[in-house]
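Both complexes shown next keep chain A, but they swap its partner, so chain B is in the first and chain C is in the second.
Up next, the complex of A and B:
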């Protein structure tokens, strides 16, 4: 499982490896027991609240079970066949993928550019307040920000339509117009999460040792050379982690869309998280929704593994 | 000489102005809602939108008088604060163990922990819903341990990163001098990873403070939090949302997270470096 060694990515392995080897030979059985004992609380939580529900979900995926319609019936792989053959399911999947790719691309692009811009701001007057205002969108509860934007997108009195009107455009009912609803939701997601990528970029830039930057100054490296040879080797882990977290979260966007459009108009913004919600709690089809969830979990784990594998390859190179 | 200095300081001013402009653009939507919190409903709905208005505390007082608001706030507070504190208490020993005893299964377990983030909440909530009903967990205790379990993976990840950054020489020296492992963990390592603990605390607090789906589906009146209250307000209102009320409620709700990022800003930045940076970012 060496490919998954994310957290130690930045640590210098050699001296520590030796130290632990020494400690290892000296450690008694008692000490090894203690090490395992320290893990127990986390493992108990993990087993009760993650492992059991996950197996429950896997199990349910093989049953035909709709709440209020009798006992669950074992149907083998039927649910998965239905999912595979359902055009609607594929459409939801494509829609989610499109949303994820566009949102993450904008957030990473904007976030990195603005992160670089804010990098030299250490002496800026009121920097702390400015960064607080900048980071606020990402701490607004998604439910609340869905509400905010619903108010601002309002066709008759919303401020955005007032601006549209001001520039001579036709008023647009953003959240019920089939052509506008996806860009409108994307804009909100980008507004919320670009600050997170700015934060990750600042953290990544902060992890570059000052001494190396000064050396680059002395050597008069160009901006490109600096990024390529000084910043990237140190900062890539944090930046890529940010991209990974954003990708996973964009893939599961739910709260925001649920409050803003409820998946509509029609199913235009019915992304996977929202579709699962509708399936489970509007039609109470627990068997099917568990099967979908299982497929999603497998996709997400596969993507993450590939991602970590690639990240580790670039390290060992 | 003088003229160059003047142009550089001119450039500085331009640069800082640009940064402030970026920050304000991102903040503008929130500012709009905060203004709405002090407007009368007529002013909120007026066309053209009013920038100058006579501020009123009417919305705020309606929020405070509404009988369900205070319980929502109390539930939000104890659920978020309590669960995050317990999660960190549980995660610290595990992170220390992962960092110091290099178990062969460490990476696999760390990956499993991260994998809990990958399931959409709406997918995980289905089996949770059944499990909670089957074991009668829908209530304070059930929600509390659920929220705790949400905060554990990220805490373990951040803390392990920070503990990895503390040289094992410290542990060895202390042990040679007769200290026990637990003593080393609490008295030698813990003080050096405070930034990591604070970062884990803030990130998880913000998440728990904003959590909606699980609360909505699994909660009962003893655990329902503000995001729940906001959505109920919206759903029950149909077409006639009381925008002044919603704006006031969400503005008040935003005060805590905003204070967190203002006062603990450097820990947010240092936290996301996962212990690779000791100083300021």
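Up next, the complex of A and C:
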């Protein structure tokens, strides 16, 4: 076989061609410069609001600094050592992890089931309205949801206890009873974020090519086979992205809990986000709270990496 | 530099000098640290002070326009009265000094107000020229030099140095460090604790007869009868009015984790038993975590049996709601809140009696009353420029005039000066005035920690106490041990004490 001589294709351009090429290069350079110039405001915005504060926070994590108590003092890794050695911090971490796992498990389970039901009910009358209503909790601000549910859970005049009372049950102090408070907050989080997983499930299902689904019909694949061989390979990335986002979000749950319980009773619902908020904005211990925030950031990155690793692993197989 | 990777399907093109990840991180850290240090430098941009502390005279502010910024407590009308009455001050300033003045109000609830003012003061801004703050923030505000020393103002304005009703006023709203006599705050609104009860129920002949039949004694109905009663004696009345079948309960106290709600309600029980720390040595261990305190804590939490469900979350607002919704017979509450303890739409007007906090039997066997101090001082931003400083002083001079104080009290404020509290007719001016006056007497109430570490100290005990109230923790002594250790650790780390944590308590957890 003859060797292909690349040089044959590199013909000497004509003067007109060279001028045209130069003009093209100029145009392309101009357009590239314009593109970059247009990016500048966004990058400046991003740097001011994201990059600089993040590095600032990282830097602060190595200082002993409480607002109004003198200049910051460099303490190296001391803040991290204190966090590592703090039994309360570990208890907070464990509580947060439990909340995250249970919340995400329920949200994914319910979201996928409901997503499949909606996917298969294209002709259901009022489907759009039902979907819109179902997505409402997700678009309500967590603070508003927290207040709303706080009133619903109220032991004296809350509607939930009214119903409990109506059926002869004993009224429950959902948000002050140490046994009920975590399930009560979890229920609200699940109520809020299951719609998000429904949305992700519908998006995942929508990404499956119709031709493959039709082929699965022709081949009379069972539901399980269809999910495993047709739906999962196409939809898993979107679904996993949904799980990843929910995991990170559940891990840093703050506003909902602060509104509903303030982290109480005691520290029963004091999750990492709430503890961090208290340390930063009640005590203004900016050094220690920055260290906690940095640990949170690392955990979030670690969780992301685990998901991506799992995804890539299954793809490489 | 051009780096073209032709080996893979994804072509990576990088142009210009590449920054290594390590370089970015190191640079960022350096930037953060340098910025942090630069921001906390010693640049002193404060300009108000000196001559400005005298306030305005007839010439130095004439023709000027000044926009003032006030920080006040949200949802607390006595704090807001400064804004409501401000137009009167504007007229006074125009007439007396010839300048125009307006005010912008920034408000937040107790817990959040400090979050608003601290960063602003730390950045040496004058967003808030005058602030109504909590008494416990005096240390946090004065140590960094954020507020003007009241003594400096008094030095050039002796007329502002008004005689106080009792040393409680001075020690609570003005002095930091405790016992030093150095004054930073100017009294704004004093407050003390008491108990509000349903007079109509007490006077009901059917209730009277039922109580007498059950307990073999008369149901008290007057201030004179209630004032000497101890908490234990009150318990019979709470028990009598506790009727869960009717969703009606004997009393309500504050157990909430929020801010200082649990602490202020519980501290009288602790004061009757001992102290919460040793201000001389900074020790908490051995002072707070005694067996007697553990019993007092158990007793205080045990009073929940006379209260509606959810008492663990009761704060000031919930107490008002419970009382006004006629769900409780009584409420142990800040007396200044009496303005609102009138029932929904005034349904309980004339049907309420307010008495001092129930008495305690002290360790030495004596029986006396002790309560926690509430209320707030004014503080002046030390970064005010000369004009704003002058107007701030002018405002305080106007605020403390008899005429303004009379308006303030008429609208629900409470007096703190000897002249104001002892004014003829004050005790009869409201349902709660008499009890307030008694609780403001020498030794009848106490304030706690004015240290800069206040928020951290408070957070430690609020969480643990609230957990105990909610049943998360069941051993009162262990709860107190935990609080004592954590608070002393904090004080030790901040150099407020030199006393180390005993080995047997190190690493305690709940």
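Here is the rule we go by: the second predicted complex is superposed on the first by the 274 of 317 C-alpha atoms of A that agree within 3 Å, B and C clash if a C-alpha of one lies under 4 Å from a C-alpha of the other, contacts with A are read in each partner's own complex, and residues count from 1 in each chain.
One rule holds for everything that comes next: a contact is a pair of C-beta atoms (placed from the backbone, for glycine too) under 8 Å apart; a residue touches a chain by one contact, two chains touch by 3 or more.
Keep in mind it's a predicted model, so treat the numbers as computed, not measured.
A.B. asks: Identify the partner contact of A:156: answer first if only chain B is touched, second if only chain C is, both if each is, neither if none is.
C.D. replies: In the superposition, A:156 contacts both chain B and chain C.
A.B. asks: With both structures fitted on chain A, tell me whether chain B or chain C touches more of chain A's residues.
C.D. replies: Chain A has more residues touched by B than by the other partner.
A.B. asks: For A:113, decide between first (touching chain B), second (touching chain C), both and neither.
C.D. replies: neither
A.B. asks: Check the residue A:281 against both partner chains and state whether it touches chain B (first), chain C (second), both, or neither.
C.D. replies: A:281: touches chain B and chain C.
A.B. asks: Would you check which partner chain A:300 touches, where first means chain B only, second means chain C only, and both and neither mean what they say?
C.D. replies: first
A.B. asks: Mind working out whether A:171 is in touch with chain B, chain C, both or neither, as first, second, both or neither?
C.D. replies: Second partner only, chain C.
A.B. asks: For A:71, decide between first (touching chain B), second (touching chain C), both and neither.
C.D. replies: second
A.B. asks: Considering only the touch criterion stated at the top, classify A:57 as touching first (chain B), second (chain C), both, or neither.
C.D. replies: both
A.B. asks: Contact-wise, after the overlay, does A:35 reach chain B, chain C, both or neither (first, second, both, neither)?
C.D. replies: First partner only, chain B.
A.B. asks: Return the residues of chain A at which the contacts from chain B and from chain C coincide.
C.D. replies: The answer is residues 52, 54, 56-57, 60, 156, 281 of chain A.
A.B. asks: Residues of chain A touching chain C in their complex?
C.D. replies: 51-52, 54-60, 62-63, 65, 67-72, 74, 87-88, 91, 154-156, 171, 173, 175-178, 262-268, 270, 278, 281-285
A.B. asks: Within the complex, which stretch of chain C touches chain A?
C.D. replies: Contacts found on chain C: 28-33, 35-37, 40-41, 111, 115, 118-119, 121-122, 140-141, 143-144, 146, 247, 256-258, 308-313, 327, 452, 455-456, 459, 463-464, 466-473, 494, 507, 509.
A.B. asks: Over in the complex, which chain B residues touch chain A? Could you list them?
C.D. replies: It is residues 15-16, 18-20, 22-24, 26-27, 29-30, 32-33, 36, 44-49, 90-91, 93-94, 96-98, 100-103, 105, 107-128, 130-131, 145-146, 148-149, 152, 156-157, 160-161, 164-165, 167-169, 171-172, 181-182, 206, 209-210, 212-213, 217, 226-227, 230-231, 234, 241, 243, 246-247, 250, 253-254, 257-258, 260-262, 265, 268-277, 280-281 of chain B that touch chain A.
A.B. asks: Help me check something: in the complex, which residues belonging to chain A touch chain B?
C.D. replies: On the chain A side, the touching residues are 1-2, 4-8, 10-11, 16, 19-20, 22-24, 27, 31-32, 34-36, 38-39, 41-43, 45-46, 48-50, 52-54, 56-57, 60, 114, 117-118, 120-121, 124-126, 128-137, 139-145, 147-149, 151-152, 156-157, 159, 162, 191, 194-195, 199-200, 202-207, 234, 237-238, 241-242, 245, 248, 251-252, 254-255, 259, 272-274, 276-277, 280-281, 286, 289-290, 292-293, 296-297, 300-301, 304, 308.
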